Amino acid sequence: MPERVGVYICHCGSNIAGKIDIEKLAGFAEKLDNVALVRDYKFMCSDPGQNLIQSDLEAGLIDRVVVASCSPLMHENTFRKVCERSGVNPYLFTMTNIREQCSWVHIDEASSTEKAMDLLAASVRRAVYLEPLEKREVAINPRTLVIGGGIAGIQAALDLAEAGKEVVLVEREPSIGGHMAKFDKTFPTLDCAACILTPRMVQIGQHANIHLMSYAEVEEINGYVGNFNIKVRQKARYVDADLCNGCGMCWEKCPGTRVPRKGNVHEKLSLGPTSSIYMPFMQAIPAIPVIDRESCLYFQKGKCRICEQVCERNAINYDMEDSFEEFEVGNIIIATGFQPFDPSVIKRYGYGTLPNVLTSVEFEIMNCASGSTGGKILKADGTEPKSIGIVHCVGSRDKHYHEYCSRVCCMYALKFAHLIKEKTDAEVYNFYIDLRCFGKGYEEFYDRLLGEDVRFIRGKVGEISRWVAEEDEKDQLIVRVEDTLVGAVRRIPLDMVVLCTALEKQDGLDRVAKMCSVSVGKDGFIIEKHPKLGPVSTATDGVFIVGVAQSPKDIPDTVAQASAASSAVLSMITREKIEIEAATAEIIEEKCSGCRICNNLCPYLAINFDEEKKVSIINEALCKGCGTCVAACPSNAITAKHFNDKQIFAEIEGLLSAR
Amino acid sequence: MLKKEIVYESTLDHDFLEEIYSLPGGHEIKKCIQCGTCSGSCPTSHVMDHAPRKIFSLIRAGFREEVLDSNTIWFCSSCYTCSVRCPKEIKITDVMYALKRLAIKEGKTKGKKAVVLSKNFVKLVNKYGRNHETELMTRYIIQAELFNAFKFIPQGWKLFSKGRLPLFPHKIKNIDQLRKILKKVDELGEI
Amino acid sequence: MKYTYYPGCSVKATANLYQESIDAISPILGLELEELEDWNCCGATAYMSVKELMSFAISARNLALAEPFHRDVVTPCSACYLVLNKTNQYFTEYPDLRKKLGQALEAGGLSYSGNIRVRHILDVLFNDVGPEKISSLVKKRLDGLRVAPYYGCQIVRPEMGFDDPDDPQSMDRLIESLGATSVEYPLKTKCCGASLMGTEEDLALRLCCELLTGAESAGAHCIVTLCPLCQMNLDVYQSKVNRLCRMKHNIPVLYITQLIGIALGLPSKDLGLDKLAVKLTKPVKEILQGA
Amino acid sequence: MKRIEIDPITRLEGHGKITIFLNDEGDVENAFLQIPELRGFEKFVEGLPIEEVSRVVPRICGV
Amino acid sequence: MEFEPKLVGFLCNWCSYTGADLAGTARISYAPNLRAIRVMCSGRIDPTFIIKALYEGADGVLIAGCHPGDCHYQEGNYKALRRYKLLKRILPEYGVEPERVHLEWVAASEGEKFAKVVNEFTDKIKKLGPLNMKQSIFDSMKEDIVVHESAGEEKGGEADEA
Amino acid sequence: MKLKVGIYWGAACGGCDVAILDTHEKLLDIAAKMDIYLWPIALDFKYDDVKKMEDGYLDAAIYSGAIRNSENEEIAILLRKKSKVMIALGACAHLGGIPGLANFYTRDEMLKRIYIDSESTINEEGVIPLESWNVKEGELDLPRFYNTVKTLDQVVDVEYYIPGCPPVPLQIYSALSLIWDDMLPPVGSVIGAGDKALCESCPRVKEEKTISEFKRIQQVLPDPEKCFLEQGLVCLGAATRSGCGARCIKSGVPCRGCYGPLDDVPDLGIKMLSAIASVLEPKEEKEIDDVLDTIVDPLRTFHRFSMPASILRRKKE
């Protein structure tokens, strides 16, 4: 029996009927092939409207439904449900948009009606080729992978663990803590960073629901929402974590130097021990040292083994090798954080060539009470500076480097200014373009700094040099800048300059993104599902982003986002099951020649090549139905369900059939 | 008497912005964030009436006279430091050229010695196909610096005595070709 | 290595010493510079201030003349380098301009497709010849000579790609390859005032004064440069700078090609050294003689 | 005048037809051979990438 | 009567179709010549669809997708762009002005842009005139018809259809 | 009873006929199963012999060659009438083949080039062939040289297609055996060939593909083990029906598509275009253009054998 299409035309009050000649349209529809009946109604989406369709379907008068009304983005689901209720596969329904893209946008009734007829003819032809599709569900594994153990990952992991869910936290560095662990104070409240971070780090280390893998990297991610397979490389520490008790004997005796012990103050800046076997900082979690192969005398020269001799618990193991661990999780949180921009590429700022030009991270380390200067702000020669410049926007808001605003620099620059004022007698100059103090208590902090006699010069620094023009500029750094508010070009001799470097995407973020099948924007950060409504989700179901992995943000925002992501994960876990796309692509094995054109095209890595059968295969759980592979398959071995070639050809023919 | 007054919108020329924006490279100055990198980098900004950054501000506000009358554009030595450093990659030097041309077009050249030099340069190139430094300086001195002519003597003599100042111009062989090209450009109209 | 050579107007006149030294060293370094027949002025900075399209058009004529030879165009003048390069770059970047220039050139029976690379002689000396080769050809090492490398503006800006716009190194390396010391000179790319020397003399003199002071305070025996205008401003105007700024600068300003020529052992006559306004000073002479 | 057509001529490569006119005496007055075998390789090899020419022209005759 | 081109549009579901809907919601009126086909992603657009549409009588074909970097499926729009670019190169070989096929990035928020794109495209095709691909193919074969002994119709009767 | 068969060539090169002969000893089997009633290349039947047959007299007609002129079409119509089954043999009858490249031009352009502008022809009066010509003995006529080359199925109904330029002899034999074994598939099928693309039978190793530059065969020494396309050589194998045994590929030459498209692919060339464009590396417009610049003559390459069978069929005038 040929397909019997029911056509339902909606007036949408006067929204459609006011611009389209419904009678003419209905008359036109009746004459189309395969059309079994045509009805029109004031509001098809209303209950009586829906009932019209339902009763026709139930009476068996039709087996396919075309509704000509508003946009499918509006009511496709409504009418699909009508079909489902009537015991008909919802994919045997299609919609003709004669409102948003017809009656609402065209002035002339004749041409609107004509267009509506073409659109309807296309839908009817398409309807004939529609095929029933099956809805599918997958189960969600309740364990979660958190990549990155900075404040973002710590918060997310703790939230989940506290809710009773298992978490695997993978951190690349020997210790968790991230950048925050290097800070002395945090703005604007000036809390001690260690005081608020350390207890959480300890909790991570001890939590029964958290499996912490530090000094480890995610190697592979396969699978799909609810069912990801993870492979993690545990890098060799050369210290047996089970035996080591963190006594510190090894690094005390180690003759190797990871960070030079001699040299000027700035060259030997460090938080933890400077030896080859070291802990990154004293509060490290896990409190287990690692050996830096590059500087270790034993690894480089084959002699030494002092750490082995001094370790009472025999925890040193030079033969340790990288190992791999594989496990399954249901969701993934990417919390990889940032790395600071390297300002040495901006030659005119002299970083790396001029002494006493420091990056913000170096300055943080200098300020940290447990660092190599004991928290003192010192020039390279060990004396206290009399004047310090703080240059904002280094590498950010600049098309040559990063166009975006790094969002935290203004505030940490103010924090620096405060710390300098607190610890030294130095004059402080802030060179800024715009001061962005938008958070809670931020403006007040700025206000406080104004009162502390910090000098603010609105102008981006032109250059920093040692171009001495006058006697009193000798041995100083000369900052040349336009004071834009005064309208004068100024030369300011300074003892030290701190460059507020941009936050940039973490090294390797692209690799993580690729593994998770999410994309990065041109700024290098991962693109969220929706900037407003889906800031922690991504295009890949089950993959979430937190902190600077998404975009530069400060600690309060990062923590908030971490909690948001963990609650999103919890909501997934609680559902236990998730429905996945039915309109996917499918490879017909009998037609696939194994040319592998499609293999590289899928952003979700849903296409795999079966080496035995020599055909490509689509994992339907991963496929989101974009159809890119379908358009590319040179032998039409791939079909896009619900958008197959026949359906689209029918649509094209329908659109152009009237004339 | 008070010299400064409140600036009324009606006294400003808002078409000026569009005019400037439509110059080659001009639309980029919409993106200026007034950071001051240009002025802070410019070797001559300290003697300018308005530093380059401020010029952009004035343009955006519609201060047509101030911009075209200012000495700023004539102090630009085309060192391109601002263009290279501008975080918004505005081709500032090109904009300066465009403003120079606009000022010349509008006759805002009184007392602007650079204009005399440039115009004579153009004349010479059109005449010979090449610059003739001796003639250029002679013409320039007569037209712009007659009363200061003596100050050019020592350096001129130095060059001449070292054999670095040829007396006669070199005319290119195919000057006709060059002129045909220039004539065509004239027909096509400037960009 | 064969190139099409575009000297530019200045090199044929006030900078003829530059030309002489280029002529002298090229054969030794294996450079074959064939002068472009009937080239015309590039337009420099002045033409651009008056007419834009015309300025591009006259500049493009040279490129069109050079194209049939399928060789890189080399020029020793920074302004010519910038203008020809800019024409080239805008020609490819802006289709409108390309079209108009095409029509203009056609009127002169010429055409240009944008396939010529314009290079500065420094680029060629550094990248094609290279410090190693130059070093191997040195006959008189300039040990002890402290040189301030002055690049000026238009060779490194707007970004031309072969060296850093703020901290170029190519000439430093060449100087070192001769045995001399390249001093740390923070002003190496600061502007000398260029053509402002004609119109705003005081300003330009002050800029030059900074440069000279900078070089002297860095302990340089001489300044080495590669642009006719820079050389003229620093050399010929040095006495005037002294008068205005009440200084006593006495620092010779050589072209890099002259310095190379000296190290290659060529007689000073061939290198146009006698044409310098500031004569070689005693310490320089001593080192050169001792070399 | 009698007309004889041999159409097609066979057992050779290509198409052809012979038209023979006999006069009243039955002698051949005139005969015409037609070869309508026209493809136009002359035209469509123009502008072909040179490496393709050697793959296209063998199709002039495959016998 | 003025020539009213018939245009087919292939719009990606997430950006351009939504953008077109927004033009509707905002009641921005534009030329009625474009008939849209919704696909999930511009990456689904097989150049065959475009050729088919031109053959079936479209005077122009518009492809619209998410802006680069914004693709809902990450990179489908780049594939659309590449296919489009190659397709444009061969259109002149068919004697079809390449301007008849046009690609635009229209975001979900760009209702106004969508209207503008359709208006401009319609104008452009109006200037180019009708394409009549199918008809012209059969017109070009008009002289190629053998007079059949029997009154049988010439095969390839699509010509009648056109 | 033996089958009655006619074999004819339209605008062909004779390669298909030779391919039939190249079945070698199997030719004896064919002769045992079939009686041939027309085969100009080998046997001396005349058109009149065919015309005299009753309609449907022949069991099968095997037609190679494209429809280039009115004679090709007339005989196609004649054979159609006289046969129960019509088989298109070879790329020309199937797709238009190499003669179909003429569809990038008009009849007038073709004739001008061939007769007027030809370097090796002296034709001062500019004579071009006419369809009829009066000599004193009477009128002579010539077939009309068409404006557009057509495939066989564009002029008559065709039941089966045996693809290839030329078809593989054994494939012809097995296709013919379907007739005498009465095992013919549904009308419209391609017989004597595979159901998948050529890549299936290509011996080269295929991996994931990303192309950043196309090369021409003379510019490189291709790796004999590796997929041509992955080496930047345009190969149509992925869009072309298998069955040829990858003869070109094995000789080190990329596929040009003579076996035609797979089922349900309406346009081989455009589909190949889509596939190739999909696997390019760059994303930026400028870079895409740079890569595309390296594809020489794309459309004619993609439609080397199939222009008349493609959707648009010919260049618009």
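Every chain is named by a letter (A, B, C, D, E and F) in the order it is written, and numbering of its residues begins at 1.
Heads up, the rule we're going with is that a contact is a pair of C-beta atoms (placed from the backbone, for glycine too) under 8 Å apart; a residue touches a chain by one contact, two chains touch by 3 or more.
Only a predicted model underlies this, so the values are computations on that prediction, with no experimental measurement involved.
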item: Mutual neighbours - chains that touch chain B and chain C alike; value: A
item: Among all chain pairs, the one with the most C-beta contacts; value: B-C
item: Chain whose average C-alpha position is farthest from chain F's own; value: B
item: Euclidean distance of C-alpha centroids - chain E vs chain F, Å; value: 30
item: Centroid distance [mean C-alpha coordinates] between chain E and chain C, Å; value: 56
item: Separation of mean Cα positions, chain F and chain A [Å, integer]; value: 53
item: Gap in Å, rounded to a whole number, between the CA centres of chain F and chain D; value: 20
item: Sites on chain A at which at least two other chains make contact; value: 348, 463, 601, 628, 631-632, 645, 649
item: Multi-chain contact residues (two or more partners), chain C; value: 166
item: Numbers and ranges of chain E residues touching at least 2 other chains; value: 46-48, 52, 75, 79, 83
item: Pairwise touch network: line, ring, star, complete, or other; value: other
item: Which pairs of chains touch, using the document's own definition; value: A-B, A-C, A-E, A-F, B-C, D-F, E-F
item: Residues on chain F engaged by chain A in the complex (per definition of touch); value: 195-200, 206-210, 227, 229, 237-239, 242, 261-266, 271-272, 274-275, 278-279
item: Chain A residues touching chain F - in the complex, by the definition given at the top; value: 590-597, 599-601, 609, 614, 628, 631-637, 645, 649
item: In the complex, chain B residues that touch chain A; value: 33-42, 45-46, 50-51, 53-54, 85, 87-89
item: List of chain E residues in touch with chain A within their complex; value: 4, 6, 8, 13, 17-18, 20-21, 23-25, 27-30, 32, 35-41, 43-49, 52-53, 56-58, 69-76, 79, 83, 115
item: Partner chain D, residues of chain F touching it in the complex; value: 9, 11-18, 40-48, 68-69, 71, 97-99, 101-102, 104-105, 109-110, 113-114, 118, 129, 135, 137-138, 140, 142-143, 145, 165-166, 216-218, 253, 256, 296-297, 300-301, 304
